[in-house]
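The structure that follows is given in the form of structure tokens.
The letters A, B, C, D, E and F name the chains in turn, as written, and every chain counts its residues from 1.
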Amino acid sequence: MYEIGVVYRNIPRAEAAVADQLGAFGSATVHEAMGRVGLLKPYLRPIFAGAQVSGTAITVLLQPGDNWMLHVAAEQIRPGDVVIAAVTAESTDGYFGELLATSFKAQGARALVIDGGCRDVKALGQMGFPVWSRAVSAKGTVKATLGSVNIPVVCAGALVHPGDVIVADDDGVVCVPRAMAARTLEAAAKREANEADKRAKLAAGVLGLDMYKMREPLAAAGLRYID
Amino acid sequence: MYEIGVVYRNIPRAEAAVADQLGAFGSATVHEAMGRVGLLKPYLRPIFAGAQVSGTAITVLLQPGDNWMLHVAAEQIRPGDVVIAAVTAESTDGYFGELLATSFKAQGARALVIDGGCRDVKALGQMGFPVWSRAVSAKGTVKATLGSVNIPVVCAGALVHPGDVIVADDDGVVCVPRAMAARTLEAAAKREANEADKRAKLAAGVLGLDMYKMREPLAAAGLRYID
Amino acid sequence: MYEIGVVYRNIPRAEAAVADQLGAFGSATVHEAMGRVGLLKPYLRPIFAGAQVSGTAITVLLQPGDNWMLHVAAEQIRPGDVVIAAVTAESTDGYFGELLATSFKAQGARALVIDGGCRDVKALGQMGFPVWSRAVSAKGTVKATLGSVNIPVVCAGALVHPGDVIVADDDGVVCVPRAMAARTLEAAAKREANEADKRAKLAAGVLGLDMYKMREPLAAAGLRYID
Amino acid sequence: MYEIGVVYRNIPRAEAAVADQLGAFGSATVHEAMGRVGLLKPYLRPIFAGAQVSGTAITVLLQPGDNWMLHVAAEQIRPGDVVIAAVTAESTDGYFGELLATSFKAQGARALVIDGGCRDVKALGQMGFPVWSRAVSAKGTVKATLGSVNIPVVCAGALVHPGDVIVADDDGVVCVPRAMAARTLEAAAKREANEADKRAKLAAGVLGLDMYKMREPLAAAGLRYID
Amino acid sequence: MYEIGVVYRNIPRAEAAVADQLGAFGSATVHEAMGRVGLLKPYLRPIFAGAQVSGTAITVLLQPGDNWMLHVAAEQIRPGDVVIAAVTAESTDGYFGELLATSFKAQGARALVIDGGCRDVKALGQMGFPVWSRAVSAKGTVKATLGSVNIPVVCAGALVHPGDVIVADDDGVVCVPRAMAARTLEAAAKREANEADKRAKLAAGVLGLDMYKMREPLAAAGLRYID
Amino acid sequence: MYEIGVVYRNIPRAEAAVADQLGAFGSATVHEAMGRVGLLKPYLRPIFAGAQVSGTAITVLLQPGDNWMLHVAAEQIRPGDVVIAAVTAESTDGYFGELLATSFKAQGARALVIDGGCRDVKALGQMGFPVWSRAVSAKGTVKATLGSVNIPVVCAGALVHPGDVIVADDDGVVCVPRAMAARTLEAAAKREANEADKRAKLAAGVLGLDMYKMREPLAAAGLRYID
């Protein structure tokens, strides 16, 4: 399935402005806007709370216990990218720490999403480099076996192509295929447009049952109230 | 086991004063006071640290990937309630977010406990609405299939009846059956009465071995010290 | 495998100065310095972020659902110790809370590492007593069955002897055997010596590919760049 | 939630003939017939393949690592019963083995369903006593702490009352509340009535799309075929 | 990521002869022959031991708890196909049972691989229709929401395109992309060519250390023997 | 904790006759006879049912995804040995298959216990070589990094020294330290001596309550019968 030992250098990226604006909506809204697909599995968790980022994907395929290709990937980073790292087997090792984060940040990366472990999390928090990972682990890795950079990868159960848009926050990580980025942005904007109005109504005590006109379909589905 | 498609409107609730006072003792003390039963499984975790709540249970049975009944439940909330949501299959989807929290809060709910996922966790933290959930996930849900409201449910392995008292904090979630609430409160108060004294002694260097008179039973059980 | 019902009182401890200094390097560096062994499994997590401790190990073997031996262990604590608690079966019960922490702290313990659950985590955070555990749970335990104190134990997959050095922080927990402590400290110091220099270079945009001279071995391994 | 230290001796049981006939339909059909509720979580697996049993529930609440109450339960078994054992904490210990199975069988039990571990599985297979458990483990248990017999229990996520009907086979375990047993039997029989006919049609190459008249609703839902 | 509500009817399939021959080598050899990629996660297990199949992939994307699209997929099956079913969320429900298996078999399918649950496993064993699934569960599903047929899916962590070759046996499930099928077959044949010879040598007591000439590289890597 | 890159050649082994006789008692009885310690975690499962073996331990420490040291271990096998393989990180890869089994068997090994994955399980069943593993996986491994042979290892949570006795069957795997082997054998024999008598009584309908004289302690513990 995977091509091993290759680095694609010139990848088409989703439009930067679109990628940037998608981030502001957050993963939950973007996921809805895409038709409820594209979510990476929720076992990926941020190493610190509150980060909200978006960017274009650089993809990396790692071998278990080996972070060599993260160094190779660093060279491919362009400002505004988010690095997406998959591993060819389930692993919680600490593939990424303070030094790599320093380098990624210097190259312009906004975040790392890794289907493996991360370490130096206190330092990463202090330098403000966000990571979504499946584990935190002090266990380091070797640099011995080739993987690939910028091939399509399956990361936490989702297919990510290089250049796709990644949106990540406390709720999780969503991948928006490059070709769908513009229309997803539009759909997300539409979803949010009347949110403030809804929020105000609900805060004032209006019930969703009435606001969304659910009483009739609920009755049609057979809901019975018992006193 | 479950009655589907019904909403019980007039449920007997545990006495509000008792429910309120139980919260001050926290889940660990209340769990002990009940004879070490009633704890929901510890995979339920708070979405932010530090919340400590208690209240009377509104129960909701959800279908997987469907949060319709949370809207139905909103109407049944009375000030001081805690909503307990079970799902008929294991699921980590994000059934609950900012809009529903706004509505629940407006109706007087103090918290949500859900054996499923939650989203918009940053916003929920900002509005101070606590949730105990098994996952955080951006994945939204549909509104298509009936469950029930205010029937007895099994949530995270524990049986909860509507009107029971729920106590939740950083240590977890405990359900106190309505009929046991008063006597559990008494037992909890008794447990805590001499805690300050014990704490002072231990802080002064007195050993639990001596304070609890454990040396004799330990010797009787055969404990040997080897120099 | 385990001797049950014994307490070893006079255990040889790693040198205090060495144990203290190892803590400053953190679990990730110490793990590397040992040759990438000695890590406890990453499911052990700190109950609050930011703690970084080291000390000499007091070991405890607990029976599932029973914390009796933690009281026995308290008497064996010397200032600078870290208590390492293993359980003879997988369990998430809350073996340790505020009262025991008060006692452990009074005896000079710096932290607890437990392959089980912990409770009263808000209070523990307020008193600043760090715990690494596999779970947080309000479920208390009984005091009925003997285990042992200061025998070698397997905790979260790692063998720990009493007197070994424990290093724990946000990245995890590492055990340094007493006999390897001095030379591990040396190796850790060596690793860190030129870290600042590396960090500066990477921050300035130098690539790890060049700094670590990886281009040649990558090419030798067959890495191909595709434009 | 649970009453500890009690044994209810005279429990009302579902009608034996109904319990017996439900078994013939198997867990999948019975689960459907109940409206798709009542299933114990699928982590419960049979210790050997091919067993298909039904019977009336004797319930047992065990303390973790303690099988004392299984001996107490043995006395309450009547021919045609299935023993349902819950544990107050998650545990994989081997609570049940050859000797208890010999006793249970002699008292007329048809099977054990346990939310814990089982051992002597080879011997149990040879004597043909079926067990559904969450684990197989050689780890034995003590006889030290009281639980209860014939109180309502939550077993593998499902609420079981003594006297309910249990249906178990290779597909899993279903609990049919006593009050629903007769009408569930009827519904199950209805479901199966035309199965043979459907099976024959499908085997002859008729598509479910046509047999179930799905083409129209699929089109209405928007399904598009692309050549 | 996924296109919802579409059925691709005319998919290019890998050559039947190649697909057939790959099956004889088994998943382990084929996985090696591909360069150790393409394996579906090992949590997929066969519902009965001993099946060894290969075929061309029909892919199905299911919604959680909904097996409607399996009926849609049945019409797309050609003799020699293997159906690969992914679900948009983690789920253990029983999506597939005896009736669907009867239909799939009648249409010429050789097996089902599903990242969800399966039921009627005894009947499936009796009719000899092999299934690899993540769970066995009596829990049935509804027919309410569209997914897709013959789009690329991620199943148990691996990307599968319609028409790829699937090889499955007791060791697991491997996907061979259509474009790599012929050369993988060649590589697999080469791997097996001298296996018989190796097996005979090892059975005669020759050590792998000598047969594979490992002593020198082991010494070079620093291996020390201690008497 | 671990010494890497060494092979201990002359290990003291438990007495062969003792190791052989322990096997006949099975893992459950031996585990009890040791005082309920020494069990490897129950996630280790046999690849086929019915095997019951015992022998002296050869230990192997593997690096994740690398089975080089299994070849090194083969040379250290003496007839009657059981190979115990630990991995320095959690891994389900297939480290062991038909060729290695052929070699191990030729050298006199009776079984493999591995805290990782195994493959070629059909072939292993046909040749009758038993394996207890944490997974079955077609994923092969490389031969690149040193581990060790015949050092003490932690395998599935239990400490195993080379030369210890291993007892494994359908119920799991137990390690009996060499120094405890003789007295464990005695204790196991004593346990079994009156089992036949007990079994006969229980089969005749005598209750464990009476046979074990439990009624009095149950009453003393407060058990109440309710009619």
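Annotations for the structure displayed:
In the analysis below, a contact is a pair of C-beta atoms (placed from the backbone, for glycine too) under 8 Å apart; a residue touches a chain by one contact, two chains touch by 3 or more.
The structure displayed is predicted, hence computed values, not measured ones.
Where touching is counted per the definition, the chains common to subunit B and subunit D are C, E. Considering every other chain in turn, the ones in contact with both subunit A and subunit B prove to be C, E. Between subunit A and subunit D, the least number of touch steps comes to 2. Residues touching across the subunit C-subunit D interface largely coincide between the two copies, over half of the numbers being common to both. Looking across A-E, A-C or A-B, the interface that copies B-D in more than half of its residue contact pairs is found at A-E. For the pair subunit C and subunit E, the distance between C-alpha centroids works out to 41 Å. Rounded to a whole number, the gap between the C-alpha centres of subunit B and subunit E is 43 angstrom. Averaged Cα coordinates give subunit B a centre that lies 31 Å from the centre of subunit C. Between subunit C and subunit F, the centres computed from C-alpha atoms are 28 Å apart. Counting only residues that touch two or more partner chains, subunit C has 36, 90, 92, 139, 145. If touching chains are joined by edges, the resulting network of the protein chains shown has some other shape, matching none of path, cycle, star or complete graph. Pairs of chains meeting the touch criterion: A-B, A-C, A-E, A-F, B-C, B-D, B-E, C-D, C-F, D-E, D-F, E-F. On subunit A, the positions that touch subunit B within their shared complex are 26-28, 30-32, 36, 39, 42, 45, 49-50, 52, 169-174, 195, 198-199, 202-205, 207-209, 212, 214, 218, 221-227. Residues of subunit B touching subunit E in their complex: 63-65, 89-93, 139, 142, 144-145.
Those residues of subunit E that touch subunit A in the shared complex are 1-2, 4, 34-38, 41, 88, 90, 152, 154, 157-159, 175, 177. Per the touch definition, subunit D reaches subunit F in the complex via residues 5-10, 68, 71-72, 74-75, 92, 94, 97-100, 102-103, 105-107, 117, 119-122, 125, 135-140, 143, 145-146.
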